[in-house]
Amino acid sequence: MIFFATPGSDPAARIAGRNAAQETVQAIRKDFGFDKPLPVQYAIMMKKLFVTRDLTSFVNRGLEVVPQVMRAAPITLSLVFGAAVLWVFGSIAVGVLAAMYRDTVIDKGLMILALIGVSMPVFWLGELMNLVSQSRFHDTWLFSWVPGLGYKPFFDGPWMWFKTLVIPWFTLAALYIGIYGRVLRANLVEAYQEDYVRTARAKGLSPGRVMLRHALRMSMIPFVTMFGLDFGVLVGGAALLTEVVFGLNGVGRLTYQAMLNLDLPMILATVMYASFFVVVTNAIVDIIYVVIDPRVRGH
Amino acid sequence: MTDAALTVNPAEPKPRVGQSPMRRAWLILSRDKAAIGAFVVLMVIVLACLAAPLYAKYVAKSDPFRSNLSGSIEIDGKAEKIMQASTTGLGLGVTPIGPTWHGQYMLGADNQGRDVAARLLYGGRNSLLISSAATLICLVLAATIGISAGFFGGWVDMVLSRILEVLWAFPVYLLAISLSIVLLSQTIVLGPIEISSGSLALPIVIIGIIFVPYIARPVRGRVLSLRESEFVLAARGLGIPRWRILIKDILPNVTTTLIVYIPIMMALNIVTESALSFLSIGVQPPEASWGTIIQDGQGLLYTRPMVALAPGIAIVLTVLALNVLGDSVRDALDPRTKMR
Amino acid sequence: MEKSANAPLLDVQGLSVSFATDRGRVKAIDDVSFRVEKGEILSIVGESGSGKSVTLLSLLGLNDPKTTFVDGSVAFQGKRLLELPDRALRRLRGKEIGLISQDPMTALTPVYTIGWQIAEQIRTHENVSKKAARLRAVELLASVGLPNPNEAVDRYPHQLSGGMRQRAVIAMALSCSPSLLVADEPTTALDVTVQAQVLDLLLKLRDEFGSAIILITHDMGVVAEVADRVHVMYAGRMVEKGTTTEVFDQPMHPYSWGLMASIPPLFGEKPARLPSISGMPPTPQQAPTGCGFAPRCRFARPECEARPPTRRDGDHSALCVLDGAERAAARRAVLGHEVDA
């Protein structure tokens, strides 16, 4: 980890934060065992994170770290899950339509839209959405339902939760619909050159069935790999920019704040959280893989 | 299908015998309307940004790097203050002038009373400079790492691949942010070179580093497959020294792969730069970039949206043009897509 | 169209196929005519790029309609295939005309079981239950000689060997008892021993199901073994047509002579080197307007610049200026005495 590896600095001083009193630094050194060998340091750190959960942030005057991550996690999860649903269905629709109407106006139009989606910085799109929905057209019927920025917990009212997240979902999904739509179209077009699609067509199947049950079904295998990578990273905090623009205090923002303040315990906690989700999504992707691709099941 | 008539894609221009791949790609590109259009758009943007000092001096008539809170300009014979009293809310405070659509303050002013249009052009210079320089760094690093790993194999490959994997596992933005924060907090001294925290070199280096794995890995793969290819094996069998094979056979092939990445990387870098600058850990004031201008405009979003909109539109146009160009270059150069 | 009793199963007249390229249209198939009678095996022979596969794919409407232009007339059971709307053509595909692909490794969708893929075709054309379709699949697999068909239906393609997979592909093509089977180099990707088994299977199935078979191949041995009639294709044209006996005993076209000469003799002394035809076949865009084979032909002459005439000998015909005694002499020069007996 970069923060431990930064040379020429005392980890205790780093944890204490900038301008910390000398006593604090001493206390931390003892508490975290920085006078002991590295594996012991690591063990103490992990214990504080997972067992006693009393790792505290010194920059933020003794605030406990773990509960903060726990508060931020549902926000990020809500944001990324909703966006993921949108982008999976959106990109499949875009990819399939474009591939079915290859080289027509529909295909070209969709691909230009997808490319625009890929080209827009997400934070700028977010601001644009805010401008439209919060200010310029907020008083019209179109956007009067949009609540102010910020997150409303699901259990305080699912409808409110939904309303606060709709626009962030679309904003975050736009980029991924673009990327996945383009990749999927390319995969489908490639699949159409394959022998198995020719066989499927020679069987007299309808074009829709050939597309969905054969070409798309095969293209879902690389799709799932891509999705697993992106989803894990986003849940782990890469949705930062969307969170910042929409005032959602998710994990990305928490990590970012912690990094700005050089709040080492917090960074540690968020990185742990992120790796947890990367591992979990990897495991889920592996399971899905076994379900959708019989070839990896073995003989 | 063995029938050549089937594998020949009828939509593809037929290369004449004896053309080099580069030359053929160039011919295909020169006939590609989308690529030409994108190139023209890019050139217009680049030229406009290069002309930033001229614009500031002769059209905007103001220094886009000095705040101008008390000045006023004349529009259609009427004097207008650049910082106008707010008409919304409590009527306290000031709002910068909106777009005048005249030479001066064409796109309005930011909260420092600076000409947004002029800043946009100056910011574009930095955005383009950073993205091109970072692309160069990234490609050079990636090519070096990828070729070494692929060509020498063995422990060199082991070490380099592990390093790439570690970098790869870290989310790009978080990596960039942590690098920025670590690097921005101090002045770096590398022998005689001293990089101050406000230097443009920092975002260039950071952005140049973070995408290295994304390119080094395909380069390594390409080199590995080339190393096992018939013509390299034949060359080795003939006793041609390894460095000659590297230069004569492998480098030209890898170059093709790298060229395909140039426009895509430039696009990616512009977006990354703007994101870092938006988080105020990229380009540092007083320098401007499209990202910093969007950030300046964030506070004025509901009153003077043009401050944030204009640089965003500039980014979208540039990145869109680069992506279109990237698609065309890939189609023209990549032998895999040629079969479609 | 009326379906008359003695009309051939498939009647192709003046079929031309061209591809759109950015340098204009390129002709891949030039004025090809042939017919297939019920229950017969017609073999189309030619080297790679001669347009064999393109011919067949355009019969089935499997070429990309955006870049491919097909002319001529194709009558199948009295229906004009080229003018048929997509829906009607789909009803024929898989039901009346079955396709057997060249490479069984890639011809099946890897994520579905063999049985599922066969049942899918049956249920597309017939209104039967899933269960019945599955039973039919098991029967079909048994009839193509797959051991353990009950187990094989639930196997994925990657779990079967190449020969087994090709049998599965054949079973699928047969699933709706088509009156015409189109086999695109069905044995090329297989081991020699498996090749023989698959050919035997095709012959057996022709007798059992009564399907006519169009067999595309570049393997003269395969042709001699199974075909009733042989058509030789070169550079998008059918240069020679006749029964297997006619073409093998009295080949009329210089290109056919080249093919015959390249078959190793069964008896007598083996030559040190088999004769080969020098040069490469032209690609569709550089095909000459005259005889396509002229640049490689030992007997080429100025007349070959023009479109070659059709020489007939009963039903046996060839596209070549050579005729009569001159042809016989030239043939003797290439093939020696053995075939001319």
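As written, the chain order gives the labels A, B and C, with residue 1 at the start of each chain.
The definition used in the following text is that a contact is a pair of C-beta atoms (placed from the backbone, for glycine too) under 8 Å apart; a residue touches a chain by one contact, two chains touch by 3 or more.
This one's a predicted model, so the numbers in the text were calculated from it and none came from an experiment.
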Furthest chain, CA centroid comparison against chain B: C
Which two chains share the largest set of C-beta contact pairs: A-B
Centre-to-centre distance between chain C and chain A (centres being mean Cα positions), rounded to whole Å: 53
Intercentroid distance (Cα basis), chain B paired with chain A, Å: 23
Multi-chain contact residues (two or more partners), chain A: 195
Residues of chain C engaged with two or more neighbouring chains: 57, 102
Set of chain B residues in contact with two or more other chains: 1
Touch list for chain B against partner chain A, complex: 1, 169, 171-174, 177-179, 181-182, 185, 267, 271, 274-275, 278-279, 281, 291, 294, 297-298, 301-302, 305, 308-309, 312, 315-316, 319-320, 323-324, 327, 339-340
Residue ranges of chain A touching chain B (in the complex, touch as defined): 2-3, 6, 115-116, 118-124, 127-128, 130-131, 134-136, 189-190, 193, 195, 233, 236-238, 240-241, 244, 255-256, 259-260, 262, 274, 278
Residue ranges of chain C touching chain A (in the complex, touch as defined): 57, 60, 62, 66, 86, 90-95, 98-99, 101-103, 106-111, 120-121, 124-125, 156, 158-159, 169, 172
Residues of chain A that touch chain C when the two form their complex: 102-103, 194-196, 198-207, 209, 213-214, 217-218, 221, 292-295, 299
